[in-house]
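Take a look at the structure set out below.
To keep things simple, chains are lettered A, B, C and D as they appear, and every chain counts its residues starting from 1.
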Amino acid sequence: MASFQHLLDRLFLKKQAVQRTTPDTDERRLVAQKHSCPSCHEPLEVGELEANLFCCPKCQHHYRITAAERIKTLVDPESFVEFGEEIDSVNPIGFPGYEGKLSEARNSSGPGDSVTNGIALIDGRKVILSIMNFKFMGGSMGSVAGEKLTRALLTGLEKRLPVVLFTTSGGMRMQEGIFSLMQMAKTSAAIAQLEMAQIPLFIVLTDPTYGGVTASFAMLGDVILAEPGAAIGFAGPRVIESTIRQKLPEGFQKSEFQLAKGFVDAIVPRTELKKTLGFLIDTHSNNLRVR
Amino acid sequence: METNEIQKKIQELQSLAEKSNVNIDSDIKRLSEKLGEGARMTPADLWKKIQLARHSDRPTTLEIIATITESFMELHGDRYYGDDAAMVGGVGLLEGRPVTFIGHQKGRNMKENIRRNYGWAHPEGYRKALRLAKQAEKFGRPVVTFIDTAGAYPGIASEERGISEAIARNLKEFAMLRTPVLCFIIGEGGSGGAIGIAVGNEVFMLENSFYTVISPEGCASILLRDPSKAPEAASQLKLLPSDLLAFGIVDGIIREPDGGAHIDHVVTAANIKAQILDSLKRLETKTGEQLARERMAKFMSMGRFVEEGGPKSNFFQRLFSITRKS
Amino acid sequence: METNEIQKKIQELQSLAEKSNVNIDSDIKRLSEKLGEGARMTPADLWKKIQLARHSDRPTTLEIIATITESFMELHGDRYYGDDAAMVGGVGLLEGRPVTFIGHQKGRNMKENIRRNYGWAHPEGYRKALRLAKQAEKFGRPVVTFIDTAGAYPGIASEERGISEAIARNLKEFAMLRTPVLCFIIGEGGSGGAIGIAVGNEVFMLENSFYTVISPEGCASILLRDPSKAPEAASQLKLLPSDLLAFGIVDGIIREPDGGAHIDHVVTAANIKAQILDSLKRLETKTGEQLARERMAKFMSMGRFVEEGGPKSNFFQRLFSITRKS
Amino acid sequence: MASFQHLLDRLFLKKQAVQRTTPDTDERRLVAQKHSCPSCHEPLEVGELEANLFCCPKCQHHYRITAAERIKTLVDPESFVEFGEEIDSVNPIGFPGYEGKLSEARNSSGPGDSVTNGIALIDGRKVILSIMNFKFMGGSMGSVAGEKLTRALLTGLEKRLPVVLFTTSGGMRMQEGIFSLMQMAKTSAAIAQLEMAQIPLFIVLTDPTYGGVTASFAMLGDVILAEPGAAIGFAGPRVIESTIRQKLPEGFQKSEFQLAKGFVDAIVPRTELKKTLGFLIDTHSNNLRVR
């Protein structure tokens, strides 16, 4: 028992540090402040970055973007119609301080929790789109995120439209306790329904995608794409380092690692995403046309 | 089974209310919250229950199987990479009926624990579990799983071989199984590693077990910024059987002998067996398709939120009219 | 396509004989054996064809795909362990029709060959192939495979991760696919590593390819006890397209430019494309179930033996009355 | 090309040695000659060995046995009824010397090629049994073996009876060229038929099982058992050693290795096989009873 407890202690001792860094906002603020890319240190202006879909034109570093920015950079102009925005979080297990955290997140990121759903055109093809937002409580998945993802999936089923999900998440929303864990099974069961009906599901993994999100719907796409350099994993690097007591290898858990390990179909730069998704939709729509 | 009785009362109340078209949701919610024994306990008392769930003499998956079956054969391997000793499974005869058993396996001593990685499974463990579950489906056997893990193993090899993919696939595939699936949380029900084999038609918890999205230690580290505050975190996470029963997440609580399951393995196993037989009597009258559809519906309805402009049931009614068609 | 024309003549003869209830099996056999061009060649001439099949400038799977499709996207990974560069696959548009392509991939130079392991795939390659084939089946796309390997890799890791299991599973699963499957042996068709992606409704060979149970070198070592006798072994193994066409193992031979496929990749690819379009026109009128049943029947009828007391067709007629029921 | 050729040369240079050793006959002859077990060197008599199902009572070394001995040691007395014995090999590709090899094998091992089929009772349960015989040309699979295995499988399908296959083979019968390779696909397609009909298939891997047999039906059982210490693999050890130019680790490709690697359900001593197969048949017969 002693050693087991010890293992547990080691496991979680350093976890705090990981969860609290948000290089996202830092990175883009740095560009504004220093007029250079924090990744390649070449000169870079905010306008230039935005014009290139928030990717550095020199080193191709992909900056994190919000759900709204994703929509703007991906779908055909004016084509996005949001749905499912009428549901909102409660504090299902009475977790101390959760309401405060929620209203804080709503104030800084707007309503809608960590998932935005809509129907849209991608290069002229109609799809159901569901996009996670890391800014809203680290993209954590609670009841609302799980319900919204499920509704997106089931809307695809109902309308016989391809579904495209963009992931970014630190994991489950622990303030909702067991209810958040159940969202893993919930979203996966919805995907089971799609599978039986042969509706295509495309996943795009973006930086970062971790925990219960990776270990559920994010790994269940018919095709799984990833943006370059995205961190994708189950356990966070610090948790693993403190378990195994050694440094992790260079590039561990990055998109390129996941591609090499066989869990990602292709790494697609943000600038190519529209074209790639269009092609995949075209080549996966035989069943949709037939019925 | 005191809490079980209370839960039964609540269920009776609920079905009565439904029949008479009275909305008592908020009352039920209040009642359920009161029911949670975690709320009535001090963190220190609650922590004793957590320690019981992790007790080194607690009956393990293989011991329970050996006790309740007339005969059992362990089957090994995922057919891809290896055989994970932290996850076991096989076929047994339960009152003459073939049943597939799957579960996390902790060791009884240090040596066995090292071999079994303290019940932290790797991807090959989850893939073996799925292989055996599909084998059960093919040959018309019910599946019974025993959950007892602090979590899926957070190591380099585990990530390299796709622990996320393995758990995710299980969630989807277990949802679709056309055979009865019963799940028992017998000790620790730790996060993704637990739910990876816990998508069942009925899910039960032993009296001194817990089931949680994150370990109390992890929650304390992250949210309370102090791992030593684990008892407090455990209290906040509402992870005891009575909590989860009240939430409608689990379907029943299995009584343990006074002092905990480790005091009397035989009685504990007998209680589990009685529940399996009771559940199977009910589930075996259903078709495989019905079982799969009910299981999917059960998990798809989980979550608590508020919705403007109408009850969420509409959405699911719409859904089930779709799935019935296909 | 001289041999093709001879083969057509034989087929006409056969169907004529069947209609008129005349047994000409032994005549056909004699004819077929004569047809085998290997028998007419010296081992040295035949060896030149083997060298052409292994020519380092021969068009590879990815080159052929790129040439015949309007657009193609490579998809990676087996979802278990890795992405094998010796086996590639993805989705392409062929005259506007989505098709899944799968094939062994050799390198064009030393560096690429090291990365692609000279086209010797590991288990993860065969598992990726199966994943993509099942994806094709799910979304109603035909599958086209290109075979070009000396064999599955005979190494420690390959055995550890179950190269046998991976090939075996593919043989079973490809047999059952409810979508058209076309296979092209474009260079080396080496043993289990080749057939692991060669269970198709129709199987074709390029003019200068070979398909064999063991490499000529291996056969020479074992049976002739001298690896330098590989040309002689090649001659004995009857591994040329004309042999296999005469045996009824393959369905056609794809013409190559004079001097070999490496002389003109575009013409070679165009010939392959013409065959794919021709075959698909025929196969796409059939249901998925029909395609699977015909594919299984095709491979289940392969083999030559003598039977006392009745023709073997009785047995297969009995079989198909069974499978039609289930 | 040069290096590729080189690789090939290395691959097959030493293969000859492997294929020509038959420790089987040697081993049992040694017991008769030296009155001891060649594995543990303890005293051992032929009668004692036979009484213990051809396993050493001291070290549990499992001696190779013929199909006839397998039947004798496994099925209920007098219950075995052979079928499919009426087919025989031809020389389908006109391979030099094949007829001679065949008649030599028939003379030393009897007719029936490398597979014996029958219907039998195992501890009272009716099964279709197919048993390979290493003595007949190294258990190699040609057209006759493939056809007999296929007939055993399809008889199980037709009669809705469980099928039990015992494997032992050096691989495909290369004298039948492409026809032998096709037996891999043939037997696997037959198993596909069983799978669709939910007929259980049990495989017992025995020493040695290699090549195309391992890479087809041998790996396709619903449950795969192995006798202790059996060598099971795709490529032979010498082929691998000459490819990688290093010694293979201790125990490589043995049953215990295959169990650890996840490809075998259980290792079952010969003395336990009857009981184990009986249990497996009982627990896999729900579908058979129903129809």
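Rule of thumb we're sticking to: a residue touches a chain if its C-beta (ideal position, glycine included) is under 8 Å from a C-beta of that chain, and two chains touch if they have at least 3 such contacts.
These numbers come from a predicted model, not from an experiment.
Colleague: With contacts defined as at the top, give the pair, B-D or C-D, that has more of them.
Modeller: C-D
Colleague: Taking each chain's centre as the mean of its CA atoms, how far is chain A from chain D in angstrom?
Modeller: Each chain's C-alpha centroid was found; their separation is 50 Å.
Colleague: Quick one: chain A and chain C, Cα centre-to-centre, how many Å?
Modeller: Each chain's C-alpha centroid was found; their separation is 42 Å.
Colleague: Between chain C and chain D, what is the separation of their C-alpha centroids in Å?
Modeller: Here the centre of chain D sits 27 Å away from the centre of chain C.
Colleague: Give the residues of chain C that touch two or more other chains, as numbers and ranges in rising order.
Modeller: Residues 79-81, 161-162, 165, 169 of chain C touch two or more partner chains.
Colleague: Considering chain D alone, which of its residues make contact with at least two other chains?
Modeller: 195, 261-263
Colleague: Determine the shape of the graph in which chains are vertices and touching pairs are edges (line, ring, star, complete, other).
Modeller: other
Colleague: All pairs of touching chains, please: list them by chain label.
Modeller: Contacting pairs: A-B, A-C, B-C, B-D, C-D.
Colleague: Within their complex, state which residues of chain D touch chain B.
Modeller: Going through chain D, the ones touching chain B are 195, 198, 200, 222-223, 259-266, 276, 279-280, 282-287, 290.
Colleague: For a test of understanding, state which residues of chain A touch chain B in their complex under the given definition.
Modeller: 1, 3-4, 7-9, 11-13, 15-16, 19, 86-90, 92-96, 142-144, 146-147, 150-151, 154, 157-158, 172, 174-186, 188-193, 195-197, 211-212, 214-220, 233-235, 239-240, 243-244, 248-249, 252-253, 261-263
Colleague: Across the complex, what residues on chain C touch chain B?
Modeller: Result: residues 79-81, 123, 127, 161-162, 165, 169 of chain C touch chain B.
Colleague: If we count contacts the way the header does, which residues on chain C are in touch with chain A in the complex?
Modeller: Per the touch definition, chain C meets chain A at residues 71, 73-83, 91-93, 98, 124, 128, 135, 138-141.
Colleague: Show which residues of chain B lie in contact with chain A when the two form their complex.
Modeller: Those in contact with chain A are residues 33, 54-56, 110, 113, 118, 150, 152-156, 158-165, 167-169, 171-173, 175-176, 191-192, 194-196, 198-199, 211-215, 217-223, 225, 227, 236-239, 243-244, 247, 249, 295-296, 299-300, 302-309, 312, 315, 318-319, 322-323, 326.
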